[in-house]
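As written, the chain order gives the labels A, B, C and D, with residue 1 at the start of each chain.
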Amino acid sequence: MDAIVSWLTSLFPHMAAPIARLIVHLVYAAILSFVAPVVVVVAFTYMERKVIARIQDRVGPNRAGPLGLLQGFADAVKMLTKEDITPVGADRIVYNLAPGLAVVGTILVYAVLPVAPGVIGADLNIGILYVVAVGGFGMLAAVMAGWSSNNKYALLSAFRVVAQLIAYEIPMVIAIIMVVLAAGSMQMGQIIDAQNVPFLFTLPVAFFIFFVATIAEIGRSPFDLLEAESEIVAGFHVEYSGFKFALFFIGEYMHLFVGAGLGTTLFLGGWRGPGASEATILGVLLGFVYFLVKTVFLIFLMMWVRGTFPRIRIDHLLDFGWKFLVPVGLLALVAVALVLKLPFLSSSVLKWVGMLVANIVVVVVSLTAVSFAARRSRSVALRGVAGTER
Amino acid sequence: MEFFFNLVPLIPLLPLLAFAVIVLFTHRKNRLSSNIAIGGIALSTLISWGVVLATILGGEHVQVEGWQLPVPWLPTGTTVFSVGFAVDGFTAAMLFMVPFVCAMIFIYSQGYMNLGQPNQDPRYARFFAYISLFAAGMLGLVVADNLLLLFISWELMGLCSYLLIGFWSFRNRDTEQHIDEAQVKRARAAALKAFITTRIGDVLLFAGIALLYSYTGSLNFREIFRPETLEHLQEISLLGQPAVTVIALLAFGGAVGKSAQFPLHVWLPDAMEGPTPVSALIHAATMVAAGVYLVARTLPLFIAGFEVAHAPALQWVAVIGAITAFFGATIGLAQDDIKRVLAYSTISQLGYMMMGLGLGSLVAGIFHLLTHAFFKALLFLGSGSVIHGMEHGHHKVAHHSDHHAQDDFNANDMKVMGGLRHKMPRTFWPYMAGTLALVGIVPFAGFWSKDEILAEAFHLFQESGSLSLPFWVWLAGTLGAFITALYMGRQIALVFWGEPRHEAASHAHESPNSMTVPLMILAVFALIGGFANAPFLGSFLHHFMGEVHEASEVVHSAAVPFSLAVAGISTLAALLGLLSGWAIYRNYRAGQVEPFQRWLGPVFILLRNKYYVDELYHLVFIQPAVWLADQVFNFDNRWVVDPLVNLVGTIGRVASEITRVFDTVAVDSWMVEGTAKAFNGLGDALRHTQTGRVQNYLLVVSVTVLLLLGLYMAFL
Amino acid sequence: MIPLHWWLIVAAALFCIGLYGVLSRKNAIGVLMGIELMLNAVNVNLVAFWRYITPQVLTGQIFAIFVITVAAAEAAVGLAIIIAAYRRRDTVIVDELDIMRW
Amino acid sequence: MPVDQIVKTVVFVIFTVMTLGGGLGVVVSPRIFHSALFLVLSFAGVVGYYVLLDAGFLAAVQLLIYIGAIAILILFAIMLSRGLMAERQSQSNQQWWIAALVALLIFVVLAAVLWRVDWPVASQQALASPSNAISQEGSQLGRDLLGPYVIPFEVASVLLLVALIGAVILARETES
């Protein structure tokens, strides 16, 4: 980005550097807020439908355009031409604010997402903390929507949103803290720089927790309890239609992208790859390609998960978050912190190995504990059955 | 030998560890628990004696300069509270005595709490945990190199004393059949009394420590006692006095509470509601010694800026000590309870120690503390053995004939004993040794230490002329010595001579070895302990610990020459007292009016009732507090049927209280009545402001803030 | 730079608004929100003092962090109390929770 | 007045409107849910303040704790106790006018006092050039919290734990 700025100033010698910077950032912001959503939504709805269809042995969209590629646009047209409804008794202002907030909350995260070498809205030195902090807006939007719709199901969904998002925000933060510990910084650029070996390989537990928590935060299957059709119809946006619903929809897919993008940045080395560098245009483009490939891979993983697992029950969901992910995360956090402080792990290679070993130990320990608990509860259940028989 | 210094932190930590282990893990296994406790204190004793030896061998370098181990503890913003350990001659002298006496008491407790017997105490393990913690507190206090750790340990002991004095108030009503309700109540009251009374002193001490810290920024003894620091403290004026004097007096306040000096002595006699080993622990090695230790440790603060003879803080110490010494001794004359006599004797002896310190002599006070610890532990454990024997006899009697089972037999009452020297010889002889030591007969330990204090007083009195303060101190001490001998004569005559005055006494028998062996060991120390500082052996303690405060440049300790006159007078007084006490009571028979009562009349009643101090406190502090609390309760309680009835009732009650106690203190009844009315009316008026609505209250707060801000504005 | 006085006065205003909320709201949750406003006002003050008076040491920020911590704890406990009161007495109106009256 | 001064002032005014307007909304809004949303607005204004004051870390923390946690929690509680507060009924108690008066007076007095005091503001130079503490804010905060302020830090952690447990116990359904 600095390169573009200097290029601009060389092009227009009279332009002051701050103004050039401002222009560049404004353009970037405009791309993020207007172009990216459309592209993201169209591309990933198409991808999602194709992938899910393949998993379910179907073909998926194939009518609109070649290979159904235009399906997304068709959907968009359909959605925008629908009637815009506001339910009776709804809290009008809040009701109308909520969809916008849902999108804005996600776009705010894009600001610190490094999509290519040197291309980042603002490389804050508290970048990752900012991401976590801004995440609250999405929750707020869902609560506002759920409350203002004056609909029982929507309200129930709002409850679920709060419960689920809080429950999974904590393990996610724990996973992020592990990354921050390993990288020694909260700044996105430095986190990427620290990944000579992607953290996926040194902190697999953190990645697992982050991945699961991200799916839950986005509210995708199997954690899509917020909008479980069979239980609460469609959740907090049940009353929305037309453009406002489209906003929620866009928000969700952008959240998907940003979640995967964060996963890429934190665990897969971001834009890093052979040849990617800030120095040349080609390097930057290469970096962007690497970033996209990794992100799309993560998104594909999420779709895979969605196509494979059935939706789980709300209490199981909360239990899984609080009673499994959080303790395992804390355990791993302590283990990683200890390993990083061990005096004899002086070189970075040794540290990577140490972290990996610590993670494996944590996995073994927690799996053992889980299987032990499961066996015990099963035997208790069996004994209970035997008792009733007698 | 230097190696032992590295183990100093372990001295308090081992008993602490024993406490933790017992409470957390082994409290279900009684024998194991008590063995852990004894093992902990025994190891502490070994280490302590190693340290003592190292200190002796280390020569003047260690004894005066001391060895230190600072431990940074609490970072608070920019400063760090550090706790640490230090050993010098003084500490070493204490380390010789404290863990050893504690260990003796621990071993004795195993027998006293009836380990393995059917009547073993149900909270046996808990008891050992508590006394371990108690010992840890005292040992931490002794090895502390700063006031912070000292205060922590101090409070730890306060807590333990509460738990232990009230030990028999915790009863499990589901599992125990025979619960002595009166005892439960007494124990509970005594525990509360001890805790609250000493708390008064603790608050003063805490205030003193806080003041000291705010002026000097340090709590480390060595840093506080630097001449520059002391000078700085003298220059600051506080309440018209040099700050150092105020701080010293506040610290002394703490010592008054802990060491049961007049007027905060009331808790100590009641403290014997706890098991006897606890009494021994409190009276000899730990709790009360802490106060004396504190004064001795902070002695430079008391003197700084003045001549020794004219330091106001020090004079207070001397006066309070002298009053306590005399006062405690006289009360001891009229008590029937064997432990109560000893308790008042402790108070009196503590007065002697304070006297010694108040005369500016560290060695005199501490020497007496050390010897007293041995012989008072001995006496208490001996009395415990006697009581134990009596209870045994009582059980036997009750077992044989059922109709005796329900009489109000009190195993502590000396009047029901008698002639026990034949039944319990192994208790009797050590007890005699302790008595002689307490009374101060050559060559027993008490003689040397008491004589040292009196010689000090005498010496000062000769320097500053008759009718000066040291003269009165000396007089009180000498008179006190006579009275001490008198009541001890009375006690041994009542307990060990004469005929048994109760069946229990005639069936009493000797206690188990675990109880008598510690007695014998302690008896040896009661016999020879005094030689540690005997003038004809070169006044060893003087060289050993006399100069620990030398660095402060205010305390100068030179041994006062042995004065035959002083020694002669006090020995004569002691012999006279002991023999006359013994002679008068030797043939005392059950049911007789006591000889003293016959001769002293109302004075005796006054003494028996401890100068009515308890009643006075009850009247002046407790009753108004309770009464006020009652009133507040009534204001607040809307279900009071008729406030007027209540008022009348209160007036009536207050009036009757007044008439009841009119003889002792006159209280203006009009005042009380008026106050009651005023309070009641005020309450009636004010209760309407309690709307129960938080926001109303906050509004009032806000308005007040507004007014204050307005005032501030107006006068800015 | 914006003068320090502005910050302080804005903070004072926020504080007084919060105070008014605490004093006047019927709903216990409203009272709680007033308290949060007041705490925020304090934080603005602390941070402003830090920035303008002692920018070299972070004491002001650290205090603000502690205030936030306390605020979080207070909100959690406060809301728990409100929920509990709501369960027991079926109301969250402060005036009706007056069993501590004379 | 240089450009960035004007920008800063404008931004300050915007945030002030958000903060104070939001605050006013909190205390006068007739619907408690709206109050809570106004509270979010007010918090967001304070976030802006922190950014203006170069306290980026605090801004993020404010966002995370106040908006992400406290405001959400309050909304949650409001939803839980729904239906009791009849909509549109007055949200103020009888003493509201005294309260308003007192609050206003306190503000006037406070403002007067604050205005008069000559604060010992650091030199212009020190203010203008971002000090080390500002640029290294995050790590410096960490060091301070685990260094000189470790005791308050630990106490705060204990406080949070206690609050956590206390809140759980208080809000728990009593099993009957």
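Throughout what follows, a residue touches a chain if its C-beta (ideal position, glycine included) is under 8 Å from a C-beta of that chain, and two chains touch if they have at least 3 such contacts.
All figures in this text were calculated on a predicted structure; none of them were measured in a lab.
Taking B-D and C-D together, the pair of chains sharing more C-beta contacts is C-D. The most distant chain from chain A, with centres taken as the mean of CA atoms, is B. Rounded to a whole number, the gap between the C-alpha centres of chain A and chain B is 68 angstrom.
Averaging C-alpha coordinates per chain places the centre of chain B 54 Å away from that of chain D. Look at where the CA atoms of chain C average out and do the same for chain D: the two points lie 7 Å apart. One inter-chain figure worth recording: chain B and chain C are separated by 50 Å, centre to centre, where each centre is the mean of the chain's CA atoms.
Annotation for chain D: residues 57, 61, 69, 76, 93, 95, 98-99, 102-103, 106, 110, 137, 149 touch two or more other chains. Residue positions of chain C touching 2 or more other chains: 19, 23-24, 94-95.
Annotation for chain A: no residues touch 2 or more other chains.
If each chain is drawn as a node and touching chains are joined, the picture fits none of the line, ring, star or complete shapes. Within the complex, the chain C residues that touch chain B are 19, 22-24, 31, 94-95, 97-102. Contact residues on chain A toward chain D in their complex (touch as defined above): 91, 94, 124-126, 129-130, 132-137, 139-140, 143-144, 147, 155, 158-159, 162, 166, 169, 186.
Chain D makes touch with chain C in their complex at residues 8-9, 12, 16, 19-20, 23-24, 26-27, 32, 35-36, 39, 42-43, 46, 49-50, 52-55, 57-58, 61-62, 65-66, 69-70, 73-74, 76-78, 80-81, 84-85, 90-93, 95-96, 98-100, 102-104, 106-107, 110-111, 114-115, 119-122, 126-128, 131-134, 137, 140-141, 144-145, 149, 152, 156, 159-160, 162-164, 166-168, 170-171, 173. Listing the residues of chain B that touch chain D in their complex gives 74-78, 695-696, 699, 702-703, 705-706, 709-710, 712-713, 716. Put simply, chain D touches chain B in their complex at residues 93, 95, 98-99, 102-103, 105-106, 109-110, 112-113, 116, 147-151.
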